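Both of the next two complexes hold chain A, though its partner changes from chain B to chain C.
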Partner chain A sequence: MKLYVYCLVDNTQTLPESLHGILGVLVRRLEIGDFSFLVSDFSDRTVPVTRENALAHAAVIQSVLKETTPLPFRFGTLVNGQQLENYVSARSEALRSKLEQVRGCVEMNVKIISDRDWMEEPQASETQAKPGTAFLSEKRREILGGEARAARAKQVAEWLKDQVAPVAKQTQIETLPTGKMLVTAAHLIEYERVEEFRKRVTEARHQRVDLHFLLSGPWAPYSFAHMDLEFETHFGVS
Partner chain B sequence: MSFEQIIVSGNGDSLEEQELSLLETLDHVLNRGLVIAGEITIAVADIDLIFLGLNVMLSSVETAQQVLRERQKKSE
Partner chain C sequence: MAFSPEPPHPAEPEIETAHPEEFVEQLRLVADSLPSRINIDAQGVEQGLAKLVLTLIEFIRRLLEKQAVRRMEGGDLSPEQIEELGLALMRLEAKLQELKTQFGLADEDLNLDLGPIGRLI
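Moving on, here comes the complex of A and B:
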């Protein structure tokens, strides 16, 4: 029997009772050291990615968020008790520090979309050119369009960062290289400043009517739970 | 404060906006969070959903644009 892991919290926290998780199994609290893990028993070897399972995973974490700020695990984390103990003993300082960093905060996400076509229309002389010349002209327009899009994405990212800087404890902004989405940003916001954050994003939207905004949250700090140590372990460095 | 999650791009009552909310949830649970190295063991139970998960950003954009288009139609 394996354990499906949802999230981690301080073991001093009060947590909701009678939570049901993946496949409707009762969620229980497993204390290891200074930490509590929310887990449920799981008998299969893999976790099917279904709408129901993904929502069940998110719902458990969201329920905990009403009481305290958890560190969420990624969907599909299956371990045995010994693996979880090893995980805590190898990372207790990093986990403690990470919990301290997100305490009292939630994650708010902003995605920014542009409908604009970044490739310029070909000039009349280009449309009448020989095939080789037309091909090179097309490639040139593609490259210039890509550069213009990248420059705009960078500019929008910087602008968004400035707009929310007074209320964001931390920000992770990514510009995307292709497609209509220019920027995706995760912000770590203190509970009591969420409304202020929403207000700032709403005001920012009014300044940029050429762009579409998608604001979602509050989430548990999924984007801020990452630890460099995990990558080192993954590649066998530590 | 309220912990009800919101998607600001709409009022949350249409099917498309529910779908948008699901896509945002998938984006978070499938792509982010703590990882115990080598212990993510998911299975392809639903091809469409896996495709959706791997391309969730793109799907979110398409769904978002559909919502925006519908709203524009309503306002005209």
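Moving on, here comes the complex of A and C:
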């Protein structure tokens, strides 16, 4: 029998009772040293990636977030008790420090889309060229368009970082290489500053009407936990 | 460990956007391009290996394209050489497309997550 791990909290916290997780199994608290892991029993070898399972995983973590800031594990983390004990004994200082870092905080996410077409229109001479030359001309426009897009994504990422810097305890910004989405950003925000953060993003949106924004949260600090470094994540596609 | 008690956190998460359909479409694209685990079983191993090999070929193909475009822009190729190079790269792209279809792979499958360095393509 394996254990499905949802998240880690410190032992002093009160947690919600009668939580049900993956496959409807009751979630229990497993105390190891100074820490508590929220786990449920799991008999299979892999965790099917289904909407229900993903929502069940998120729901357990979100329930805990109402009481305290957990360190969430990645979806599909299966371990045995001995592995968890070894994990805590080897990393207790790092875990304590990580818990302290996210304490009282939540994650707020911002995603930004640009509708702009980054490829230039072909010139008349290019459309009348021989097939090989036309192919290379199109590749040239694709490459130049990609470079222009990457430069804009970098500029938007820097701009967003500046806009929310006064309220963000930590920020992780990623620029995406293709598609309309330019930037995806996760911010670690003290919960009493969430409304201030929302206000700042709303003001920022009004400055950039050329961009489309999605603001979401509060979430558990998924992007700041990095809890699965020593475990394989076992899941299969179903 | 002794910590001061925390007041309750904000309750339910909210999602705010004026363009929900656009974000759903883009998030689907991002989700499709996330790396999936390769299952080492008799059926999956062939496709896993094909994916790895074709990803490397795709990476090299893109480098060749960039190099060809730079040389074309630099003016050190004659029109005939440009045409010949373009045709060769066009055929390479078509061949790779054929192999992807044969192994049931999509464009977004041809990538490698290199951890902290980022993605290969």
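Here, the second predicted complex is superposed on the first by the 226 of 238 C-alpha atoms of A that agree within 3 Å, B and C clash if a C-alpha of one lies under 4 Å from a C-alpha of the other, contacts with A are read in each partner's own complex, and residues count from 1 in each chain.
Assume a contact is a pair of C-beta atoms (placed from the backbone, for glycine too) under 8 Å apart; a residue touches a chain by one contact, two chains touch by 3 or more.
Everything numeric in this text was worked out from a predicted model, so none of it was measured.
In the superposed pair of complexes, A:119 makes contact with neither chain B nor chain C. After overlaying the two complexes on the shared chain, residue contacts for A:83 are found with chain B alone; chain C is out of touch.
Once the two complexes are overlaid on the shared chain, A:194 sits against chain B and chain C alike. In the superposition on chain A, contact of A:32 is made with neither chain B nor chain C. By the touch criterion stated above, A:148 is placed in contact with neither chain B nor chain C. When the two complexes are overlaid on their common chain A, residue A:176 makes contact with chain B and with chain C alike.
When the two complexes are overlaid on their common chain A, residue A:23 makes contact with neither chain B nor chain C. Contacts of A:73 after superposition on the shared chain: chain B is touched, whereas chain C is not. With both structures placed on the common chain, the touch criterion links A:219 to chain B and to chain C. Touched residues of chain A, counted separately for chain B and chain C, are more numerous for B.
When the two complexes are laid over each other on chain A, chain A has residues 62, 65-66, 111, 113, 115, 176, 179-181, 184, 191, 194, 198, 212-219, 233 in contact with both chain B and chain C.
Against chain A, in their complex, chain C makes its touches with residues 1-3, 6-19, 22-23, 26-27, 29-30, 36-37, 39, 65-66, 68-69, 72-73, 79, 82-90, 119, 121.
Of all residues in chain A, those touching chain C in their complex are 10-12, 34, 62, 65-69, 96, 103-104, 106, 111, 113, 115, 130-136, 139-140, 143, 176-177, 179-181, 184, 191, 194, 198, 212-219, 233, 235-237. Those residues of chain B that touch chain A in the complex are listed here as 1, 3, 5-9, 20-22, 24-26, 28-46, 49-50, 53, 57-58, 60-61, 64-65, 68.
Touching chain B in their complex are the following residues of chain A: 5, 8, 45-51, 54-55, 57-58, 62, 65-66, 71-79, 83-84, 87, 109, 111, 113, 115, 176, 179-181, 184, 191-192, 194-195, 198, 201-202, 212-219, 222-223, 225-227, 230, 233-234.
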